[in-house]
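Take a look at these structures.
Consider the two complexes below, in which chain A is the common component and chain B and chain C are the respective partners.
Right, the complex of A and B next:
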């Protein structure tokens, strides 16, 4: 296998892997389908305000496309997370990973290449998303404000964190199926805790000995943890912070995302080195 | 992999168990509980501050009554708050309240009488604090005026009863002798006195302070010059970030269901089916996390520290927005309007409904306007409104709001942008295919 690689070589190798990865993602139907699904979800969200305006005749809104933009970004982020998990696991399953490592590829360049490629694909989707939202803005009459567009542009950094998260979860798996299962379970747990906490807050409690109370408090503690560790929470913090003009929060979220991305890349590279490029049992 | 999953599960269980541990003691505990009377620029409220509630929060330069009581405090798991038991006779902490600023300067306000004054009645408008000799005088005047008003009302009720009795007696006599009825009693012409709605609390003596923005320490020094144990707490006085003009917006076709727009970043979207009535309101911007905790210091709600909140500021009264209201279309000024009093008149007949018309009654007459606002007709192509000559600066100060007229389109049309990525993908594939074919068909040059 490959030994230590010089930094310029490592970067150029990562660039080659990234370009291949980006081309593969952009050529596939998956990216376009994800964009379409993201837009359908976003339009569905904006319909709430469209219907309210039609019913009442007057509506007061600061950023009517904020919630729908956040929804679209979330769908795209989920897509890149899945792509990242699938991509790394597929390389191992098909033996590509082993072949790559006979060349001047090491763990860091491989992980950086995967991260860069998927990030490039994500960035390539953003102009389409902005144009689609501009058309939606023209059709609904709802203003597409600068902070909302800025939130979309800044989402690139937490998207990198999400890709890193997906790659990190998949480097330890042998099969695509396992990688997907691990990712989906993790995402379900992260979102499930927040959703469960929101739901349990809706339960009316009038007895201090109610069994809902320990559940609520446990979920509150878990939710607080999720807010700190979930890459999707940082995505929300950055996008929503920028769109709400809460610049300090958005910047803090960006800084945390950069740090988490670096940490996840390092963990993924370390894990890959420890785990090796072969499948288990080979 | 299995080891990793096991570790993740263990961490999860640890967090879950941490959540099960109660946040505080279940039993009640006696402690010094500050009980300040604080204002949010609209109303005053007593807010209990057990030790666990953290530093006292007050609005900068607003008059605040600082008092403390000894009470049992217990954790209430339902709201996740520490509640002080104030049942029974209040046990106020005797001593001198001291406020220490960041530089170590100590302010020890002398207790003075104060009353809370509700000019429009309790719960019907802003309240104000009156202190010192004025407080006692105001209370005396309030008692006298309220008593006189009650007497007038009693007198009026006596006259009404007498008048009714006279009418009934006349009706009986007229029934006995219908051919030759006696002359009817004179009609009651005395107008009904207006009920007196104002209210003033009993004068009480306490330490009152109005602190500039900053962090302080509050404590109580007992008569023996020692600090009362457990009385030292933090106090944060926070000021507004900005101020401006907001609006209460009444659509002509739903005047009882107004919308509010306090944030200058908001825009008004309208389908143009109805007139809009803009009621200017002075507003002020605060850091949301501080302001929402002003009346609920133990709220578990997590609020983004950099978010701000625009709220109405009753303390500024009418000043700053009682100016001319300009309507714009792009850069062209269409019209300037002034605030007008309106009254809602119910339409007679089977169609019912109502009409909003200008109020033409006398100011001292029995009728009152339903609201005072600026009418923006549906026919006007207005894209922006704002107040000319307002005291504030920028969009917030001049109450500028974008008005966006929207023509609703069928819902299926809104889904068209979702097809754009697929269309672009197909187009690019087609283009790539053509380029590939062109390259394939190109003759190979030899030599």
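Right, the complex of A and C next:
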């Protein structure tokens, strides 16, 4: 009875969990489906521009592939958000979370492992996207510029906070179905506020006593809050900032993403410790 | 090896474990018995560092059990009633994953060795979830023994197994005891405990109400089952009278 040769460190444990999570995510059909949807969405955005070019004969865009690249990144980010949101809930529901905690796994190593694994899966999708966009560029003649590719590479940092956000939601739930529901509701509320605000801005208001004004002000305030708390807002800032060569915006977005990731990881670990590894009532 | 000192756990107003004092030694099988809801699983979860006690403490190999203590957890191998396996892993992959978690030296050969040890060498490439319950239990035992811990904690290891499965698991448990490990085992299958355990402790309503060697139990009572029914029934009567 010698026991293990080396006592597992938090990082070594997180690394093993991360590798397992990354492999499981990439092996599944979900990853492939997300990449396919991301590419289809990107091609559709490019086709809209191609049609506009055909119709008018002129298309003035600094980076014609920027919008399609942002769309593809958003799809991939949504995929890792869903994967993160079900990850801990699935482990708790199936009982594997408890078995992991029989061993040298603690809350921090578990959360870091989940975060690292899903981030690895996200990173693995990026080269495929770059190659696909290079082909798209060759086919359409639309330039694939360095800032757009840089925006894609930098998206890894805000992707981490999106994953952290998903994992944080996941540790608070007992079942995969509940976790998905919580994530979808959260995303719907966050995007819903931004979309509603954009739409209300389009309404022309001539009468200063219009009832639309207080609604617009409320939505403006909510939208400002969403820009701070939504992990997807940071993704947009970093990718769009880099692709538009707005380096200050991109750097600020990166710094905020790092802070957001650290905060989400800490909250998730704390919450998991409070909730324990069992389902409620077990 | 395992010592608890005033171990207490409360869930809301319910006292699940009430000042539990027990000790189990190396090289013995300690049968931890009690009726449903007596506090066995709560005690085991505290021993494994999954639940924090509200009062008292547990020590394993002299080391105080604390939540998140990675070094402490390496002293114990634990197997539950259900194995909760990963659906996408073969037996080999499953054990290799845990060997990596424990940082076991030469993980590939150790995993092969453990599969052979529990009689699953020819099932290495099979999906773990496709195994019968008995074989899954053996795989769980292999996982718990991978890092060669001095203490093995088993929660209902033979529950739901057929006679072949019970015999195979029993052989592994006895062998590990003979290798010098402490096997701390909760079970409802009293005939099995009587057959394998060296000492038993009976817990009821969170309190240890009886502890003795199996030889002494069978000397005083007709069987362990008789002792269990008599002790837990007697205790319930006393409680009723006091109330």
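Note that in this section the second predicted complex is superposed on the first by the 274 of 282 C-alpha atoms of A that agree within 3 Å, B and C clash if a C-alpha of one lies under 4 Å from a C-alpha of the other, contacts with A are read in each partner's own complex, and residues count from 1 in each chain.
As a convention for this text, a residue touches a chain if its C-beta (ideal position, glycine included) is under 8 Å from a C-beta of that chain, and two chains touch if they have at least 3 such contacts.
Because the structure is predicted, anything quoted here is derived from the model rather than measured.
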Most chain A residues touched (candidates chain B, chain C): B
Partner chain(s) touched by A:205 [first = chain B, second = chain C, both, neither]: first
Which superposed partner A:106 touches (first chain B, second chain C, both, neither): second
Chain B versus chain C as contact partner of A:181, first or second or both or neither: neither
Contacts of A:259 with chain B and chain C, given as first, second, both or neither: neither
Contacts of A:249 with chain B and chain C, given as first, second, both or neither: first
Touched partner set for A:218, first chain B, second chain C, both or neither: first
First (chain B), second (chain C), both or neither touched by A:153: neither
Touching both chain B and chain C, residues of chain A: none
Chain A partner contacts - residues on chain C that touch it in the complex: 48, 50-51, 67-68, 70-71, 73-78, 80, 82-88, 97-98, 100-105, 143-144, 147-150, 179-181
In the complex with chain B, residue positions of chain A that touch it: 29, 32, 35-36, 39-40, 43, 46-47, 50, 53-54, 56-64, 125, 128, 131-133, 135-136, 139-143, 172-173, 205-206, 208, 210, 213-214, 217-222, 225, 227, 241, 244-249
Chain B to chain A touching residues, read off their complex: 1, 4, 12, 15-16, 18-20, 22-23, 76-78, 80, 249, 251, 253-254, 257, 259-261, 263, 265-271, 273-274, 276, 300, 302, 304-307, 402, 404-409, 411, 413-422, 424-425
Residue ranges of chain A in contact with chain C within the complex: 1-10, 12-13, 16-17, 20, 24, 27, 94-96, 98-108, 273, 276-277
